[in-house]
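Take a look at the structures below.
Common to both upcoming complexes is subunit A, partnered first by subunit B, then by subunit C.
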Partner chain A sequence: MRSFVIVALIALFFAGMASAQAETPTPGGSAIVILGSDPEHLNAAISTGYPIGAVGANLYSALLYLDADGAPHGELAESWTVSDDDLVYTFTLRPANFHDGEPLTSADVVYSMEEVLAPNHGRFLNAYRAVESIEAPDDATVVITLSEPYAPLISLLTVFDAPILPRHVFEGSDPLTNPANQQPIGSGPFRFVEWVRGERVVLERFDDYFLENALLDRLIYRIVPQDVARGVALEVGEADLVWGFYMPTADLDRLDANPDVDVWRGLTIPSLYFVFVNTDTPALSDARVRQALMHAIDREQIVEQAQGGLGEVAAGPFGAGFGYAYDEATDYRTLYPYDPERARELLADAGVGDLSLDFVYDSARGAFAAAAEIMRDNLRQVGITLNVEPVERSVMVERVYGRQYDLSMQSFTSSGDPAIGYHRIYLTAEPGTNFVNATGYGNPEVDALLAEAAGLADQAARAEVYARALEILALDVPTLVMFDELSTQASAANLRGLLTRLDQRDGLEFAWFAQ
Partner chain B sequence: MGLSVPAAPTAVGGVRGFWRQFRRHRLGVAGLAAVVLLGLVAVFAPLLAPYDPFSTSRNAFAPPGSPGHILGTDHLGRDVLSGVIWGARVSLIVGLAAAFTATVIGIAIGAVSGYFGGWVDELLMRITELFQIIPRFVLALIVVAFFGSGLTNLILVIGILSWPQTARLVRSQFLRHRSLPYVDGARVVGMRAPRIIFSEILPNVMAPVIVVASLDIAQAILLEASLGFFGLGDPNLRSWGGMLNTAQGFVQRAWWMSVFPGIAISLAVLGFNLVGDGLNEATDPRLREGS
Partner chain C sequence: MSRARGSKALGAFALERLLNAVPLVIGVIVINFLLVSLAPGDPVTALIGEFPAPPEYVERVRAQYGLDRPVPERMVRYLGSVVRGDLGFSFANRQPVLELVLERLGRTLVLMISTVVLATIVGVVLGVWAARRPHSGVDRGATGFALAGYSIPEFWLGQILILVFAVGLGWLPAGGFRSIRADYVGWAAVVDQARHMILPMLALSFRYMAITTRLTRASLLEVMNSDYILASRARGLSERRVLWEHGLRAAALPIITVIGYNFSFIVAGSALVETVFGWPGVGRLMYDSIFTRDYPVLLGILLIVSIAVILVNLLTDVAYALFDPRVRY
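Moving on to the complex of A and B:
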């Protein structure tokens, strides 16, 4: 009997050793994640802003999530079926609770989509045009019926584009001003603790989460507006995670050499950098002037110096990340090579001389500042004076989407499908809605073609329609497409379990600290 | 006229005498040399700078001593020397204009306060104290962040935050002078207050005001550079503070991006401070007798 105990103990000992080597995830600890600016609020259903999504991804939940390869899996949805005609999607929900203890049912899903997301969410509202009805036949079933097939619907049901809000908190109020936007109640793996404006947002593990509970005790989003301070915060151990969106590329080489910091580079969700052109500005209403700007800007220099090489000069309005949304005939790299001479000719044709333009950008984005300086120099060569205006993010949003600017640098993520991320930039829109078309460009033909492309599940058919849209956009150039971005991330070397989802902001419930 | 106005006391014994006094102060002369150099560089920036300050190139991070770039290039291939030269212009414009603004406000408030005394003095001095206890840099940061950081704004903000010292000095001088015989005399012959203030007393108290003004210039240059360092300089000008701001990200990779503008700021601030000290000694008989 005693020998049995000893053998058992030895076996346990070795089992312990083995698991220590394989590094079993251990719960506990607080991870500090850096945000470059304060979120405007914390309601992820009414904004596509980056910091809101960063907090919202771990605070809210959605029907589906996309894994690191972009494949959809059920989150709130235990399973789902699609009818043969691609029009009816039926989701079966898991039992789940909100952070205030109330159960999450199909009614919350219907309410969130119809009342909050559709009118307010930049990306969801485009998809909603294809939706005929969203119904809840019982508490655990949601049926979405489309009026026409809409291929990217599935990738739009994630926490970034369709987070589920508690109906009992929001119903009967204006979702834009509900107090829960400051003290959010979600159903995700982390619950809201506090938000100290300009300093931090704190979340803690929600122990009643409907899937496996998060490992970390707390997630602390620290707001660090100074971009050079972010890498330093990692180095001195005052932060654990900085996403590429906020990471000055110049710091990456230095962080590479630091054994306490892990640096990751790669292409996740294609993401494009643009310069929006306000077509309400008289001189910029002429397509020839916009073409001239394309020729005048040395995009290779911008990628090399402002982006630290972490990018590829973009092929067109939808980048090069989607084969079906790329057409060799309209490749901007051949259509619009850097050619100041050609730019001057086009400006002369348009009768434009001595132009002075306001260039507005988010002052927290270091790469934008460097790009602005290169553009200032580039445009000077063709007789255009750039008046650079770095402004605080909320001011930038107000000015750009209120169309009080001439040029503005922006980055947009595709969210896995051009129909989700990029169509909104070109579809005709009224000023005032954030993160949609801010250029004032409107072309019914483009609107129709993009709507058609979005409904085609067959990629070859979609490619044909896109080619026709690209042909128009390539000549109209409402946006100056700069480059496809390579994603990066820098994290504390002992922080594990990252990058489990397509969007690196998502899935922090799997993160844990190695001892 | 039967009445004779008593002569005002002379503070300075002519320009030549003044220069003789100033010359004795070696550091002051060194400071003056730095200031003159700065002035020449600022005035002749377009001729001296080898490149346009905004001109970028593919030749980024060239170290000092590279062909064509004595002080190297920055992350966008811009010439550091040209940036430092054009930055002198920005610093000097802000320094002089802000100090001028501060001096004008300071004289106006100090003179009124000191000459009239009473409740006017009380009120103005409380306001002056209020401005003195406000942390200048923090307030400047907030104001510039709110109203924008164009050159004019920078000058006004720095000027408006820098006048209290001048005001207090002018007030104390006026308190002393207003009961001296030459002022009494001026009153007796019927001169009005503004004329007494500006043409009788003011010329006699200008010497220490100029000393403070030269120190104000140094402070204004430093404040402008600090704002620039925090990204709140004029984004459409190449300034020393702005150069330091962009250099932050490259301290380990390209030290020259921060060292040269840093030296320029130090030289300018030191120069004006030393000139101030020299002027102080040359104009204040009490300090002179000691040496």
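Moving on to the complex of A and C:
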């Protein structure tokens, strides 16, 4: 018996050693990552497109990065300081080289921000409105001075919103048509090798990277246009990684059962699903009718059936991703439970009967179609007829932001800070600008509170301001907030070192293959 | 002597047809341009991406691509540049359209031509086989196959083929036009690409095999019942010579027509099949361009496809003359 225990212990010891050995990151190999469509080009500084960001994240570098929990760390910036009045940000740069061997200096940072990002990059542009000047007092120092405090600035200095381009390649040319947009030169962990449109983009490890070198020899982005073909590519070993953005949720259960595939579900970048309500529609201008809609729609059922369980019923206008922008007192799950009876009462109070509403959505979003069917059924029970209108994306954008709709399902993300992606949904806006407030809702008090919140770096102070805004929004209900989406990804079981950054697309220099 | 005169007349005929095609191509450009411009959806929205661009920024982008000009002015400009051999600049890809299309045209042509060849050979053989023994088991099988081919959509068949041969049996790759994990060279690369082509080619050709089978059978049955076939048999020719030399030659005309006709439909089918299999050809570029409202690319592809269809029709007419001595120009 004793000898058996000893043998077992020895066996366990070796087994433990073997698995520890297997888990030591080993360099080498090529990982194939799926993209759903070709990037339009490979200049991440002039586009916010998803595939461009996916390639750009590993090809370019930026002042900062956000770790898996969303906390900022220095990338090109070795350190940074913020003045007491929250107006002056001073960054000290590490020595770094571009892929063509030229050194990266503060002049490249200033050039990229002022000449390329500010006029051409949608999200950076929003931050740039608060910028008074960007200066380079010496080669290793960048000073950004703001005209008013703007808390989300730090979240906008990552490779997705402020990648640094080589000034010596771009200066004096039109950044929109520079040939380097097709054959990019960055300073990230991987360098560009080739791009065969419609097929693949190939990157290889950059051995002169300013931080620890990547483990993989090559990073190959393979373009797989059809969504069901992406899970299949993973199953048959023709790909190693596919992000939830490109995965039909219906395929996840099948992949779960495959021992060669790892499926991950979790919350990284908050993504919130809404139904916009057009307050220009007479019946919908009454807040009681909007409250009735909240009570009438069974959000649990939508999450379970339309979303395949990959979501959580949303707690409020800014979702669950930011603790300081949530207040228990205005939690939508307790304020607006599924209650058709209450919905009918509210509609009767508002004097609304026999309502017929047009529900517009992007026909490419399969989950929206299922949600629309559930909503049609839900609303019929309170006497509202829903006319479901799936339209092509570009038509949807025209209809919704031109306010030619009654209800429309949408999803928004807000990487790092609610002020980046979510404020615009509630701030007063004129019709005609895309991807802002399309509901026609406007409340000067909410506008002032949100502007104040965006200027506060202190989270406790911000939470107080948000609580006041949430109180108003909870009664006005300009959007029907549905659910927070869970992020997913599926990868080859032997591919390790993933999910090291807030955005799944970033940080692939840490990925490696277990033997 | 008479043969020389015949080929000269054929040359003149071909030239005349080519010249007639010029106004046709211009008409195609004008109609396509109007259709594309009048369709709902704004290319600038697709171009800018998903962020709240201020109106002045949107207008700047619009002006940059000349989209702020009225439709007739843009059309005249476009026609002018097409005449100079310039198909414009892709909004979405930030690349000249001609470069973008040519890069992919070869891959689509390889797929299309092998589809036409496969569909024609299989279709004619099956059709002849069926026609020789009408109402036999072979004939019933061929007719059943033809019916199935008519009714099964290409994209569905493509997915089933992937499930069976790539996921289930693991015999063939599931998508793409070559292996991405291994970089093959020489013959290995040719074999690798051929393996990737089998499933898309099958998915795309099934329908046209069916059409050709049915048509060959019907046409040959009609010819084989005619008097001159009876006369050939009476003269004591072998059944094989009667069928292949006299029967099939006369029955070939409708088959040639349908090959030309199939070609234009295969172009449309390739957009779907290329999407299912991730085949980086022109069909998929067209599909993507519709979603991004990338007008110059869409127009460029439609133009090249129209020219190809016109050329194939011309070839069909020439083939008529070669096959049927009664056709004179």
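Here, the second predicted complex is superposed on the first by the 302 of 515 C-alpha atoms of A that agree within 3 Å, B and C clash if a C-alpha of one lies under 4 Å from a C-alpha of the other, contacts with A are read in each partner's own complex, and residues count from 1 in each chain.
Keep this in mind: a residue touches a chain if its C-beta (ideal position, glycine included) is under 8 Å from a C-beta of that chain, and two chains touch if they have at least 3 such contacts.
Not measured: the values here are computed from a predicted model.
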{"item": "Touching partner for A:Gln182 - first (subunit B), second (subunit C), both, neither", "value": "second"}
{"item": "Partner chain in contact with A:Gly366 - subunit B first, subunit C second, else both or neither", "value": "first"}
{"item": "Touching partner for A:Ile223 - first (subunit B), second (subunit C), both, neither", "value": "second"}
{"item": "Contacts of A:Thr90 with subunit B and subunit C, given as first, second, both or neither", "value": "neither"}
{"item": "Touched partner set for A:Asn443, first subunit B, second subunit C, both or neither", "value": "neither"}
{"item": "In the superposition, subunit B vs subunit C on subunit A residues touched", "value": "C"}
{"item": "Which superposed partner A:Arg376 touches (first subunit B, second subunit C, both, neither)", "value": "first"}
{"item": "Partner chain(s) touched by A:Thr145 [first = subunit B, second = subunit C, both, neither]", "value": "neither"}
{"item": "Intersection of subunit A interface sets (partners subunit B, subunit C)", "value": "228, 392"}
{"item": "Partner subunit C, residues of subunit A touching it in the complex", "value": "30, 32, 37-38, 40-41, 47-49, 119, 122-123, 125-126, 176-177, 181-182, 196-200, 220, 222-226, 228-229, 232-233, 235-236, 238, 364, 392-395, 397-398, 424, 432-436"}
{"item": "Complex contact set, residues of subunit C against subunit A", "value": "40-43, 45-46, 48-55, 57-58, 64, 92-95, 100, 103-104, 159, 162-163, 166-167, 170, 173-178, 180-181, 275-278, 280-281, 284-285, 287-288, 291-293"}
{"item": "Footprint of subunit B on subunit A - complex, ascending", "value": "227-228, 248, 250-251, 253-254, 301, 304-306, 363, 366, 369-370, 373-374, 376-378, 380, 387-390, 392"}
{"item": "Contacting residues of subunit B [partner subunit A, same complex]", "value": "54-56, 58, 60, 75-78, 145, 231, 235-236, 246, 248-250, 252-253"}
